[in-house]
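The next part holds the structures, each set out as C-alpha cells.
Common to both upcoming complexes is chain A, partnered first by chain B, then by chain C.
So, the complex of A and B:
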C-alpha cells in the first residue's frame, strides 16, 4: 500500500453486496492528494450541475438520471492501480469527458419541453445519434449537436452496470425480440417509455454500427416526427466503405444532410468554421498517432479503456469543435513522453501485450484495468480506438465533403463491423504485428452479428498466426445475461489452465462486484 | 380440390438446391449465379446464357459447422447456407452475388469465400452496396454497383452479353414468368379461392430457384388448369390471412398455417410474390439497367430501407394487400435472430393492429419449422380469435 505501482491489493477494496468500495485507493501522499483533488473536481461539476433548476427537474423526470450519482465511482474504477503520470493522463481525459457530458445535459434540459422549455434555444439544437460523428455540425457554428442517447443509455451503463435493463425490458414487453443488440434495443426502449427529453429543430439519424441500430432509429424517428413534429433526416453511410465505388454516394448524402439542416434551422453552412474545426481535428489525430506509436514500443503509455473512452469522445462527439480537447491532448502527450523517456510502466510486470478486439461490454469497461492489474495483460489498443487517422482537408471545400463522408463511413465500431471481413479480420493480425502483441482479448458481444459471424475464422486464424486468443463473452448492456464475474472467469480459466500462470494481484482474481455500480 | 398437375413436380424441385431444372440448364452450357437476397436484381443475373438461383438449404438437419463458424446467435438461414456450402451443396454455382445488406448473410457468404467452398475455376464472389433509401442518390449507387458487381464480372469472366439489348431480353423472359405467377395469384382474391396459399407458395418458390424459362410451359399449363378448376364447395378455411415478414423458403411454413385453419391469401415475405413477381415495365427512352434498378428499389418492401416514406409505406402496403385480398387478419413473422424484422415486426404489428384495426399475430420462428407445435397452437388461437371477433360483430357485441 503506497506510491509504488502494484503495492495495493486492489481486490480487498471490494465489498460484497455493496455499491461502493471500502475506501479510496492509497497511492502514496502525492498521488492520493492529486487523485482526491480530481474527485473533488468531479463532485464540483455534479454540484454545479444540480444548482440549475432545469437539471433538478430533469433529475426527477427522467429515470436514467439517477445513474449520474455514480460518476465519481466510474472514474475511480478506471483509474485503479494508476500512479504518477499515468494517473494524471487518465484524470486529464476523464475531467474533460465529465465536463463535456455535463454541458451536453445542461443544454438538453434547458431546451427540453419537460424541463427548461427554452423554445428559442431549442431551435439551435440538432439531435444526433449516440454513435454518430458530429462533423456536420462543424460548419454550423450557431448550432449545437446533441445526442440524447449518450446520457440516457451510453453513459448511464458506463456509470451503473444495470442502468438500462429497465428500458431493455420495456422494448421486449412491447414485442421486440430478446436477441437483438441491447444498445439500440435500450435506445428504442427509452423512446417507447417516453423517457427522452424533447427538443430540437431537427434530428440527424445515421445507419451507424449495425442492422439493429439502423432499425432502432425508425422507432425513435416515428415518435419524433409524428408526436413531436421534429423532422428527421436519415443519413445513409455506405456499408462497403472501403470501396471507391461508393464514395460519391456517401458524399451526396453529406450534401443532402447539410441542406436538410439548413432548411430546418435557417442557418447557412460556414466553411471557415468547418476548416477551423478540421485543423483542430487533424491536430488531435496527430496526438493520437503519437500515443499509438508509443504503444508499439516496450513502454506504452496511453492505453486501454481510458484511451477508448477518450477517443470516442474526441473523435466522434467533439470532432475538433472544442479547443479544450486539443489542449488536453497535448498535455497527455507531454505526460506520456515524460514517462516514456523514464521507461515508466503502468503495472509492475507486462506479461502479455494484448490487442483488445470486438465490441466492449459497456457495463464493464473497467475490465481492461482489471486485466492489467490482475494478470499483467497490457491492453495496448482496442478496436474502438483504431479509427481513421487520415488527415482531412483544411482548405478545400470539395475535398472536405468527401472527408466528411469518409468519417461518417468510419465511425467508431462501424469502421470494423461494416466494410467486409478484411477490416475486421485481416486488420487484426496486422495490428498484432504492428504492436508486437502476443495475445488478443476478443470481446464477443453475443448479439453483435457482424462479429459473431467471424467467430470460427478468428479462432482458426489466431492459431495460424500464433496468437493467444481469449474470448470475453458478454451482452453489451445487460449484465443479467453475462455478469462481470463471468467475463473475468473467461480470462482466469485461460490464464490458469492454458498458460498456467499466477495472477500479479491474487486479490483481484475472484471479486464480488455483482451489486457494485 | 383436385391436385394441380405439377404440384408434386414443383415440390420435388424444392427438395434440393441443385434441382433437375438447374442441372438441365447447366448441361445446356448456361452459367449459374447464386444470390442470397431479394435486393440483388435477379433479372440481371438471368441474362441470355446465364440464370440465377436464390440459395436455400432444403431439408436442413444439423447446422453444427455453420454454428461453429458463426455462433448460435446468427439466424438459422445464414448458418444453414454456410453449412450446405461447406458440405459442397452449392458446387454447381459459377458465381455468387451477395448484397452487403444484412450482416448475417454477408458473413455467411464471406465464410463461404474464406473457407474456399466453391471449386469452380472461374468462380467469383461479389458483395454489393445496396441503397438504404429509395431516392435519386440511392438509385445512382444501385446502378453503378449492379454494373460493377454483376454485369462486369458476367461479361469479363464468362463472356456474357451485358448490353442494353440483353438486359431487355432478360426482362422480357422475367416478365412472362411474373405475369403468369401474378395471374395465378389473382385467384387468391376470390371468396372461395381455387388455389391454396401452399400451392401458390410452391409455384412462387420454384420460380426463385430454377431457370425461369424452363418453368414457363408448366406455369402456363397450371394457369389453364386453374382457370377451369372448381374449388371445393363449403369453406375449407376459417380465416384469410396475409403473411408478412422475413425470409420463408421452408415449404412447411405456409402448410402449417393452413393446416391450422387459415388460408394464406397474400405472401408479403422474402421468397414471396408481393413484391417480387410483378412485371418490370421498361420504356425506350432510358437505359434498361437504370430502369431495372429503379424498379427493384421502389418496389422493395425490405425492412432495411430506412427513410420514413419507405417505413410508413411498408405498413400502408400491408394494409393495401389486406384490403385487396380480403384478409381477416395479418401474421407478422420473423426468423429468429433477424434484426431487421425483429424491429419491423414489433412496430408493424402494433401499427396494423392499433392504427389500421386488423387482428395481428406476431411470431418468431426457426428457419425450418417442421411441424412446430408452438406455432401451430398460436395460429389456431389466432384463427379462433378472428372467428370470435366476427361472431361478435354479427351479434352486435
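So, the complex of A and C:
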C-alpha cells in the first residue's frame, strides 16, 4: 500500500466467491484522492442518468441494464496498479467513454417505443451495428448514429463477465448454432428476447467481422423490418480490402449507403459537416500516432487495454464528430510526454515487451493490466489498436468517398480478420520489429475460424522470428466455456515452465475471480 | 454581517467534511459495489417477470 508503483499486493483485494473486491487500492494520498475524485465524477454521471424517467423505465425494462451497476468496478479493474500520469491518462479515457455511453443510452431511451417514445426524435436516429464505423453520419449533422448493441452487448460484457450468457442461451434455444461467435449470437439473442429498444428512421448494418455477424444481422434485420417497419441496409464492404480492384466497388457501397440514409430520413449529405469531422479525425489519428511512436521506445506510456478500448471509441464510435475527444487526446499526449521525459514506468520492471494479437476476450479485457502487474509483461499495442493511420481528405469530395470506403473496410478487427493472411499473419512480425517486442500474446478466440485457421502458421513463424508466443485461449463473451483463470493459467504455465521466471506480484498468480463481475 | 458569513462558512465546511468522510469511506471500502452486488439478484428476479415477446 503506497504511492510507489507495485507497492500493493493486488491479489489480496480479491474475495473468493464474491462479485466485488474487498476495498479499493491505496495509491498514496495524492493519487488516492485523485482516483476518489474520478469515482465521484462517475457516480455523478450515473446519478444524473438515473434522474431521467426514461432511463429509470429502461432500467426496469431491459435486463442488460443491470450490468451497468458495475461501471465503477470496471474503471477500477482497468486502472489497477496505476499511479501518477498513467492513472490520469486512464481516467481521462474512461471519464469520456462513460459519459459518451451514458449519452448514447439517454438518446436511445428518449426515442424508444417502450420508454420515452419521442417519435420526432426517433426519426433523427440511425441504427448502426455494434462493430461498425460511425463515419457515414459525419455528413448528416442533423442525424445521430446509435449502436443498440454497444450498451446491450459490447459494453455489458466489459462490465460483468457473464453479462450476455442469458442471451447466448436464448439464441441457442431458438436453434442458432452453439459454436458460432458469442458476440453476434448474443446480439441475435437480445433481439429474440425482445430486449432491444425500438426506435430509428432506418438501420445501417455492415458485414463487419465474420459469418457470425452476418447470421446475427439477418435475425436482427428481419425483426426490425417485419415487426417494427424500420428499413435496413446491408453495407457489404469487400473482403480482400487491400487490393486495388475492389476499391471502386467499396466506394459504390458508400454512395449507396448515403443514398439509403437520405431516402429514409429526408436529410441531405453535407460536405462541410463531413470535412469538419475529417479534420478532427485526422488530428485524432496524429495524436494516436504519437502514442504509438512512444511505444517503440524504452518508455511506452499509452498502452494495453486502455489504449484498445479508447481507440475503439474514438476511431469507430466517434469518428471525429465530438470535439471533446480531440481535447482529451491532446491532454493524454501532454501527460504521456511528461512521463516520457521523466522516464516514468507503468510497473516496477519491464521484463518482456509484448504485442497482443488476435481478438480480445471481451469478458477479460483487464487481462492486460494483469499481465503487466503480475509478470512485468508490457502489453505495448494490441491488434484492435492497430487500425488505419492514413490521413483522409479534408476538402476533396471525390477522394472522400474512397476514404470512407477505406475506413469501412478497415474497421477495428475487420482490418485484420478480413483481407487474407498478409494483414493477419505477416503484419504481426513487422509490428514486433517496429515495437522491439520479444513476445506475442495471441488471443485464440475459439469460435473465430478466421483466426484459428492460422494457428500452426503463427507458431511456425514465431519460431522463425525468434519471438516467444503465448496462446491465451478464450470464448470472447462466454466465460462458462473458458474461465478467466484458464487464460491466466496459459501465461503462468509458460512463464514458470518455459521461462523459469517468478512473478512481480505473486499475489496475482492464482486468484479466484470466477464469480467476480 | 461578518458573524453571519463566518457562520455560513462554518456550516458549509461541516457539510463538506461530513460528505467527504462518508463518501470516502464508501469509496475506499468499495461499499457502493458491495451494495449493488447485494441488490442485483433481486433485480434479476424482477427481470424474469417482465413480459417480453420472445421470437425469432
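By our rule, the second predicted complex is superposed on the first by the 517 of 517 C-alpha atoms of A that agree within 3 Å, B and C clash if a C-alpha of one lies under 4 Å from a C-alpha of the other, contacts with A are read in each partner's own complex, and residues count from 1 in each chain.
Convention: a residue touches a chain if its C-beta (ideal position, glycine included) is under 8 Å from a C-beta of that chain, and two chains touch if they have at least 3 such contacts.
What you see is a predicted model; the values in this text were computed from it and never measured.
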Fit or clash between chain C and chain B when superposed on chain A: fit
Chain B versus chain C as contact partner of A:239, first or second or both or neither: first
Contacts of A:22 with chain B and chain C, given as first, second, both or neither: second
First, second, both or neither for A:453, with chain B first and chain C second: first
First (chain B), second (chain C), both or neither touched by A:174: both
Touching partner for A:219 - first (chain B), second (chain C), both, neither: both
Which of chain B and chain C A:252 touches, first, second, both or neither: first
Chain B versus chain C as contact partner of A:194, first or second or both or neither: second
Chain B versus chain C as contact partner of A:210, first or second or both or neither: first
Partner chain(s) touched by A:420 [first = chain B, second = chain C, both, neither]: first
Superposition-derived comparison: chain B or chain C, residues of chain A touched: B
Shortest CA-CA distance between chain B and chain C [superposed frame, angstrom]: 7
Common ground on chain A, meaning residues reached by chain C in one complex and by chain B in the other: 174, 219, 222
Contact footprint of chain A on chain B as seen in their complex: 68-71, 73-74, 78, 100-104, 106-108, 110-111, 114-115, 127-133, 137-138, 140-141, 144-145, 148, 303-304, 306-308, 311, 334, 336-337, 339-340, 342-347, 349-350, 362, 364
Residues of chain C defined as touching chain A within the complex: 23-24, 27-30, 32-34, 36-37, 39-40, 43-44, 46-47, 50, 52-56
Residue numbers on chain A that touch chain B, as the complex places them: 171, 174-177, 179-181, 188, 205, 207, 210-212, 214-219, 221-222, 225, 232, 234, 236, 238-240, 243, 245-246, 248-249, 252-253, 256, 417-418, 420-421, 444, 446-447, 449-450, 452-457
Parts of chain A lying in touch with chain C, wherever the complex brings them together: 18-24, 26, 32, 36, 39-40, 43, 60-61, 63, 66, 69-70, 72-73, 170, 174, 192-195, 219, 222-223, 517
